[in-house]
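Same chain, two partners: chain A is paired with chain B first, then with chain C.
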Partner chain A sequence: MAKYYTGRDGRLLIDGLEQVKVTNWSLTGSLEVLETTTLSDAQRSYTPGVQEFSGTAGLLYYNDAANRNDAATALKKIFKTSGVASTDTVDMRLRLVEGSTNHDVRLTAYITSVTYGASVGEVSSAQISFQGTGALTEASL
Partner chain B sequence: MGVYLGNVGNVELIRKSLEGVKESIVNPSDVNATRDRFSFDFDEGYLISGDLVEISTTDGTTLDFVGEDIRLTTQAGDLLTTQAGDVLISNLQESATDGMFYVFVDDIGGVKLYDNFDDSLEGSTSGLVALSAITRDIPISVEVKNRGGRLLGSVREYEINTSREVVDITALSDQHRQQYSSLISGSGRLSAEWDYLKEGDKEPVNYLMQLILRTEIGSSFRAKFYVKYENTSAASGSFNAAQTNDQLWWEFDAIVTNSAVSFAPSEVILGNIEFVATGPIRLRAKTTPVERLLQEDGSRVLLEQSSDSLLLETDESP
Partner chain C sequence: MTAFPTIAPTSRSFEGGDWPIKRFVSQSGSEVRILYGDRRTGHTLSLGYQNIDDETVEQFFQHYYEQKGTYGTFAFNTIESTVGQGWEGEADFFNAGAAVQYRYSGPPSVQQVRPGISNITLNFVAVGVS
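Right, the complex of A and B next:
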């Protein structure tokens, strides 16, 4: 069935938990290529190198009725007094929904930067950036 | 439902200043005791005739150039007046370190002090505070004070707009846009027949036009825009005499942002003022409560023919 996807179809799950009040997410994948061109070649040639995945997401700073605040949870990955350990990874799942079908990209990542603030006439929100580590664990696009 | 026409509205202005105190020095040559006029260094537009100002010495000495009259004030600094509006004056023959006066500012920046608003607008000889010659420099501070409201004269029309900003909080997966209420702002405009002299006890619109040029202390004023003024009635529809003195009004501080005067042959000169509200905007009401006949236990006496309750008879004359 023909379908365009919009923000209405978007979801963000962190550690298996669907985040509330997410305003946007984006994911960038890149591949480093290594040149293998040699003398006498007429065209440049490459071989695949290392893949990299990174992205960003925006969450409104919002307390739900159960006092759950996903933005604050994400912020605490960086704003913490004990420093960041190698085990402080998160399971990110970036999802587009089509009925009962989920189109997921899933990766293990470190949250690398967080920004939040308050402005007159605006809702406070948190912007987070994450850096994938290792291979994607799911890519059902 | 009553049907109300625009003539039940009114505009009441309260002169004020958002800014602080102006400090200066009065030299002996600044005081003209013969004409009861003095001056000090202030930028043009700082004072407008009719302003209520508090003049104090900053070195703790007395205001020697001001006559002997001492105005009585409350602890809050408000002038004590009679029911007729006249300022109460002490008969003690001594000078004070401060005082509150209405000012008249002439074309060359000379200042005359008055004990009432009406005379200060005209610069008349009545109500004029006598000044005395001085022999020393007197450091003073001058502050424009808030003052009781006066109706704005000859208002043709006014319009108040209030708006509330909303912030988009739509999140992923939402099917409909969601908005969150944010800041309230207000603005408006009024149009009045131009005059520069007082009309009875009313403020001329020329004052608002002067306000926008008042660079040193801002163009702020407080206003009450009446939806229904006292002693007015609905033109038709349901209305009872007990409502005659009900009053409803918007009240807020505002800053004049634009003033214009329109001239056209054979038409009345109109002063048009635009303003924006600063701070909270209140819609207030002063209505006469309905007086019901109650039982001993405080419950209402209900009528048999309807669900209404029995009211006390009142004098319905306005």
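Right, the complex of A and C next:
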């Protein structure tokens, strides 16, 4: 069935937990290429180098009935009194839903920056950026 | 004997050397030069190979080891398929010349940039041989 995907189909899971009140997410993948052009070549040539994955997400600062606040949980990855350890990774799963089918990209990442605030006339929200470490653990686009 | 790898360099620089000349300058500034030989020596050749595989790096080092480092002299037998690739002039432009051969002026320098991929730099100098 033909289908366009919209924000209604988007989901974000952190450490296996579907986040509530997500306003946006984005993921960027890139590949570094190493040049192999030599003096006798007329066209440039390349060989693949290392890949990189990073992204951003926005979450409303929202307490649900059970006092769960996903934005605060993400913010605490950076806003903490102790330093960040190498084990402070998160399992990020960025999902587009099609009925009972999930199109996922999953990676292990560090939360690298968080921003939140309060403004008159606006709902408080948190913006987080994350940097993937290692290879993707799932890519079922 | 390991042949010099037949891949094209990524970069190449060459300086032409000189003939053995002794120069005398008088107090008046006039200059006398005496030519002591008929062979041009001291030309330098630097080659850079970027993003090459480990096997090729090992071939370069094997060639260096077989020359006993900077001790041995040698000629590039097939200039057009080795150090001269990409040069569209005369194939023997980079030949050291009659009774002159290259030797390594220092050990090869390798920089690994990712697993299995490295950059290597080689430097040669031409010296007269008997």
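As a working rule, the second predicted complex is superposed on the first by the 141 of 141 C-alpha atoms of A that agree within 3 Å, B and C clash if a C-alpha of one lies under 4 Å from a C-alpha of the other, contacts with A are read in each partner's own complex, and residues count from 1 in each chain.
Throughout what follows, contacts are C-beta pairs under 8 Å (C-beta built on N, C-alpha and C of every residue); 3 or more make two chains touch, one makes a residue touch a chain.
It should be emphasised that the depicted structure is a prediction, and the values quoted were computed from it without experimental measurement.
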Clash-or-fit label for the pair chain B, chain C on chain A: fit
Touched partner set for A:L136, first chain B, second chain C, both or neither: neither
Touching partner for A:R11 - first (chain B), second (chain C), both, neither: first
First (chain B), second (chain C), both or neither touched by A:L60: first
Which superposed partner A:K21 touches (first chain B, second chain C, both, neither): first
First (chain B), second (chain C), both or neither touched by A:A72: neither
Chain B versus chain C as contact partner of A:E122, first or second or both or neither: first
Degrees between the directions from chain A toward chain B and toward chain C, using C-alpha centres, nearest 10: 130
First (chain B), second (chain C), both or neither touched by A:E35: second
Greater residue coverage of chain A in the superposed arrangement, chain B or chain C: B
First (chain B), second (chain C), both or neither touched by A:G49: second
Where chain B and chain C come nearest after superposition, their Cα distance in Å: 39
Chain C - residues contacting chain A, complex: 7-12, 49-52, 85-87, 113-114, 117
Residue ranges of chain A in contact with chain C within the complex: 34-41, 47, 49-50
Residues of chain B touching chain A in the complex: 165, 167, 169-175, 180, 182-183
Residues of chain A that touch chain B when the two form their complex: 7-12, 20-25, 60, 62, 97, 120-123
